[in-house]
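Multiple structures follow.
Two complexes, one shared chain (chain A), two partners (chain B, chain C).
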Partner chain A sequence: MRARTGLRLTQSHAATMGLTVVVVVALAGIVGPWLTGSPSAMGSRTFCPPGLECLFGTDDLGRDMLARVANGARVSLLVGVAAAAVSAVLGVVIGSLAGFTGGKIDEFFMRVAEAFQIVPQFFLAILVVALFGASLTKIVLVIAILSWPSTARIIRAEFLKLRDQDFVAAARLAGASRRALIFSEILPNALPPVIVNASLQIAAAILTEASLSFLGLGDPDKVSWGQLLYLAQPFLNQGWWMAVFPGVAILVTTLGFNLLGDGLNDILDPRHGAHER
Partner chain B sequence: MLFGLPTIWLLVTVVFVMVHLAPGDPLTFITGEGDISSEQLARLRAEYGLDRPLATQYVLYLKKIAVGDFGFSYRYRAPVLELIADRIPATLLLMGPSLALFIGLGMLLGIVAARRPNSGIDLFMSGLALVGWSVPVFWLGQLLIIAFALKLGWFPTQGMFNLRAPAQGFGRALDVAWHLVLPATALGMRFLALSTRMTRSSMLQVLRLDYMTTARAKGLPERVVLARHGLPNALLPVITIVGMNVGTMLSGSVLVEVVFAWPGMGRLLYDGVLARDYPLIIGIILIVSVAVVLVNLITDVVYAIVDPRIRYD
Partner chain C sequence: MSAVPTLLSVRDLGVEFPREGGGRIRTVEGVDLDVNAGEIVCLVGESGCGKSVTVRSLFGLLPPPGRQGDGSITFDGTELTTLDGPALRALCGKSVGYVFQDPMTYLNPLLTAGAQVAEAAVGHTKFARDPALTARVTDLFRELGIGDPQRVLHSYPHQLSGGMRQRVMIAMAVARRPRLLILDEPTTALDVTVQAQIIDLIRSIRRHTGSGMIFVTHDFGLVAELADHVCVMYAGQMVEYGRVERIFADPQHPYTRGLIECVIPLGGEAALRTIGGEVPDLGDPPSGCRFHPRCPRATERCRIEMPPPEPRAEGFVRCWHPGALGGSPATAVSDPALQRAAPRADQEQAGVSVSAVRKTFPVRGGAFGGHARVQAVNDVSLDIARGEIFALVGESGSGKSTLGRLVVGLNEPDAGRITIGGHEPARRLATPGGRPLAQMVFQDPYSSLNPRKRIRHALAQPLLNHRICAATETEARSSHLLELMGLTPPADFLDRFPHELSGGQRQRVVLARALAAEPQVLVADEPVSSLDMSTRAQILGLLQALRREMGLAVLLITHDLAIVSKVADRVGVMYLGRLFEIGPVASVIAEPLHPYTRMLVSAVPLTDPGAARARIPILMVGEPPSPVNLPTGCYFHPRCPHAMAVCATTEPRWREVAPGHQVACHLYP
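Showing the complex of A and B:
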């Protein structure tokens, strides 16, 4: 019993830690850019190493890395959250439809989801951005369109589990419409695993955006962490800090969202112990 | 087995549709921004049927893909398939040892963690796995270059071999292996993490099963119980996970190849993107995608062979 309590504590610990990190990064993204000033203002000192004079150092054009990392937080978080949100909406709609109606429609959507999950998403994202050009909106949409299947499958499974349960049958007998059944009976109960998944998907979307930007396929007008690493690549020798700080920012942020997702998973579904994940 | 074909067809179709939806003349996606004469353009237009209805173009396109004709790269002045075939060995050389080593290591760590669930060592391993899963591969590559190549000078910063090293034999192999250490580590970290997590959780599930108790009750030493009864069964899910993540491995490989200037397919894709060499980009993406779909199929089959409880109808 004691071991079990200890387990639960460490789990909520993960969620707390994750949440703290996420809040700090979000604050840095919201407030940071006002405090640090313009990310593109060029200073007189190029390759100033991190120290009292310039906290995170400056790049090859004398731009302040602290300001650039803070501005990058805004873009990376925006892409991550927006992509995960769009993908969650797509997944919930498709998953509910498949799970509630069943039959041919279900079969069709699950086949499509399977195909989406097998195909290497990053390569398709590269193709889309290379063909259609890079802008934040396009990157968000590409990531969302490629990542809805996991949410759809989760929602579908929940619908299949829930639709035959007593409280749904009761509502149906009471004369609830299909819409009412879906939106007020089943969906609210099916959402917790989607929230967990959304947190993990934000982390994945931030990594995908960073990877695209690192290949020079990011939005050229927006400073993002991946773009900073792309720009740092030729200068690893002269200015290691150009690569270190944006990368730490990505690592901390994705770690935060992954921890939050893992922690939420344990809190929202107490039947799952850490040993079953 | 047949499930693979519709997926591949769907993929090829999606690529065709995207190329035609993209702004601009589809011909630019065939020639890239290469310098070509107007007669050549007219000939290409006829060859791809661009002056004919869309449906005809689509059939022509499917026929070309089916026989492995991915077009011509105007930047490299060579058929796309040839260019890709040249680069595949380097990519496999990077991926193979890296994955074998780090997935194996992850299994070991996973078993160690599973033996004492929720102990200090388990939490440490799980934390490490979470970090390994969250770190961007290309950044890890940059860090390795900064630390072990630029500051310490232990390993080369980039490339696959040193021009002054022996061009063949043992010396060459040693030289390539030396160049392989950093990129393979960067690429493998994510799979170390994945394999640790998967082995740990499937080991924990297996450890509670009846036959494990039986094995212990027979008086077998714990080491034998784990190695002979636990591990083989715990490895099953690991096969699936590895199969399902081939796409992730390949995209990781692209990024690592760019960081380390490793002359593989990923680097070729990157150069293609920089040069807007569309036939090359599209060719690589199609080939990679088909490979991933096939590996997924093979994984399913292997899984069914290894685990007699599973049968596909």
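Showing the complex of A and C:
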């Protein structure tokens, strides 16, 4: 099963491209900073245009943009993956509970989810960060708390569909506890759309973090792509490269995750495997 | 040959699919087929033999990776293989109609039935603004035996019953008076009674329009009812072709003979028979004759050389050892393994007692979110003794499955009491650690096994949860269970996923899982209706053996009286949640008392083409009424041919007509 999914992953062009981009960005984020050195080490040349000595140029303080973009990859990916992971866990737990139990509990959680969904999310994020100060953990938590409802809704819908299937009734007759029913019988069958959604949520989280940082609300101690854009604002005339490279990085990364998500959607869609029944 | 020109002539047709790892594989090959106007040709074979692929390839309807490889298709004098897309479409749209197995997936859920038929007839869906078109569609519905065409015209597919949806599909197919109608298992998903109506409808279409038909089925019983010519397909090849009388009287190919012998007849003494083995993967067919691994006549030559089609009495056969007298691959069902399994000594087996049970479900929706309730089971009482197989028959929607779920305890009755050996199953299931008294075999083995878990998990689950054996013994115990079910060697099956098994194998795994929990009662809900004819007997044989060797009480839920007549001891006939007739199987089948039971008996296809055509079936009129608004008096009176004034007002009382044979009907005062 797993091997076959891997095989099909390489057959979908969107997924292959997305996966390649994501792997390259992840490698850049993990290995890059070691190779390029400290992002805050100041060099002798300020506003050095991109060339052989400094591939991505240097900024107003003579810091190497390549090192800063590579570091930004680490921070942005960390925020994206962590936020999506927290939101997926929250969404899966709440969605499974709501979908499996139904009734009052379902009603309650779905109203809560709606409450989160009708709030203009980005402004709430700005508000929270502005009030409580900016740190990477807080930004991750804010993004996660704002984005779990979509996962919860997807999981709930899958549970409503799956809980009346015969194999669940059979597991009940086989003495499975409620926990086993939820986590061992139903959840594995409900996960594919969540995996797709998580991939899209990573991209969204990277964008949200970038937007927050662009407004100067990011973690000042951490170099992220959004922050690089923010710092580049006053110098757009002197050094276009200060804004272009982080911007391109954001574009390529979110595009990569979106492509991967679309590709996974094609691959994990049960209708694709229908002939294998 | 006759003077009538051949409508469709297929010569040496092949279908190719891409092979995994490059290249293409010919899954279907060497198909020769002739259809004359006014003639029905049946294409028969087990599932996976390439029947549907064949009929779809005729007019370019193959799903994308497939491709029609070679051969020639001549329709009405035109060679189709050389036509381009638009020309083929123009020709087929006018003169060919297709009807598929599952009408729900082929009807557009967003359009009314009338709109879809109108589209099939004239190419657009605005039938309501065009009185002439409305009249045309209405007339068509009426011709097809739809009682209230006005309602169906404006209904969406989900508002119609399965049989009605299939009629709408047929209406779409015949809307342009096609010269050729292709019916791909049109009745497989339907009840026996509705199947009888559709078969009758197909006969009358043939009579009135004179169109040629290709009817695809896995049921030789239907072949006897309908066919003029029969094509038997096995593993992508045509193995025998001939007139229906000849095929039944003198089957040449061993596979044909096996399939005919596997049909379960109504009553009689014939043993249940099955063809062992599985249809090979079409991507990797065996060498030589494709049937040789399952054939008792196989010799060295069959293993190496592919037999050519050999002419035989207005047809052909593809076999090295043809003849009606050779060995047959169909063997009588017996399960020696089970006889060795000692009955459980630790616990006295108990029967089931159901008394005055009622169950209603809330109906969702309604314009104002009303609180209507469906009466699924309405005042049902019955007893099943230990070691007895009690069959519950009725159309879909009669509440049989609900009663089954009540007996295993998945639902709790609203009123009345169900006990197994003095315990209530629903209460027992709700108790943590309580071992359920009854287990269930579900209709669809595809959905009753978790697609993401290995077979090992399915079997270990009940063993561990109910502490039936120590964790270290589960492996041995699971293997033993699989062996009992005839899945040998068990080690091959434990680590497979459900999708890697055939339907029959899955159903045996489901049965093994049910037995793992050591139940006292087994509820089998349509255990064979999704299986091929050739594997049905295996599962039914296992049920019989379980009853015999382990003393299990079995509640067999089915809509097929032929199965009942072979395996059950007693039978109850259910309609709209209520029992109409209970009695020993022999006496109910031989002398059905209730008019409803008589219809059920008459709906079973006969296995003799002569007799099938000679008899006049008692057809069910209309549709079962909605269980939300139940009729007054006897629930059956709106559809009953013998309805009297009293039937509409008073509920009939139970009366014992013969020993153990009871009926609730005003005809027996």
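One rule holds in what follows: the second predicted complex is superposed on the first by the 259 of 277 C-alpha atoms of A that agree within 3 Å, B and C clash if a C-alpha of one lies under 4 Å from a C-alpha of the other, contacts with A are read in each partner's own complex, and residues count from 1 in each chain.
Everything below uses one rule, namely that a residue touches a chain if its C-beta (ideal position, glycine included) is under 8 Å from a C-beta of that chain, and two chains touch if they have at least 3 such contacts.
Keep in mind it's a predicted model, so treat the numbers as computed, not measured.
By the touch criterion stated above, A:V23 is placed in contact with neither chain B nor chain C.
When the two complexes are overlaid on their common chain A, residue A:D262 makes contact with chain B while staying clear of chain C.
In the superposition on chain A, A:P188 makes contact with chain C only, not with chain B. Comparing chain B with chain C, more residues of chain A are touched by B.
Once the two complexes are laid over each other on the shared chain, residue contacts for A:F167 go to chain C alone; chain B is not touched. Of the two partner chains, chain B is the only one touched by A:Q121; chain C is not.
Looking at the shared chain after the overlay, A:A176 reaches chain C, while chain B stays out of its contact range. Of the two partner chains, neither chain B nor chain C is touched by A:V89. Shared interface residues of chain A (contacting chain B in one complex, chain C in the other): 275-277.
Residues of chain C touching chain A in their complex: 63, 405, 408-410, 429, 432-433, 435-436, 439-440, 442-444, 446-453, 458, 461-462, 465-466, 497, 499, 510, 513-514, 516-517.
Residues 3, 6-7, 10, 111, 114-115, 117-124, 126-128, 130-133, 203, 207, 210-211, 214-217, 226, 229, 232-233, 236-237, 240, 243-244, 246-247, 250-251, 254-255, 258-259, 262, 274-277 of chain A are the ones that touch chain B when the two sit in their complex.
On the side of chain A, the complex with chain C involves touching residues 1, 165-167, 169-177, 180, 184-185, 188-189, 275-277.
Against chain A, in their complex, chain B makes its touches with residues 6-7, 10-11, 14-15, 18-19, 22-23, 29, 117-118, 123, 130-131, 133-136, 138-139, 142-143, 145-146, 150, 157, 197, 201, 204-205, 244, 246-248, 250-251, 254-255, 258-259, 269-270, 273-274, 276, 278, 281-282, 284-285, 288-289, 292-293, 296.
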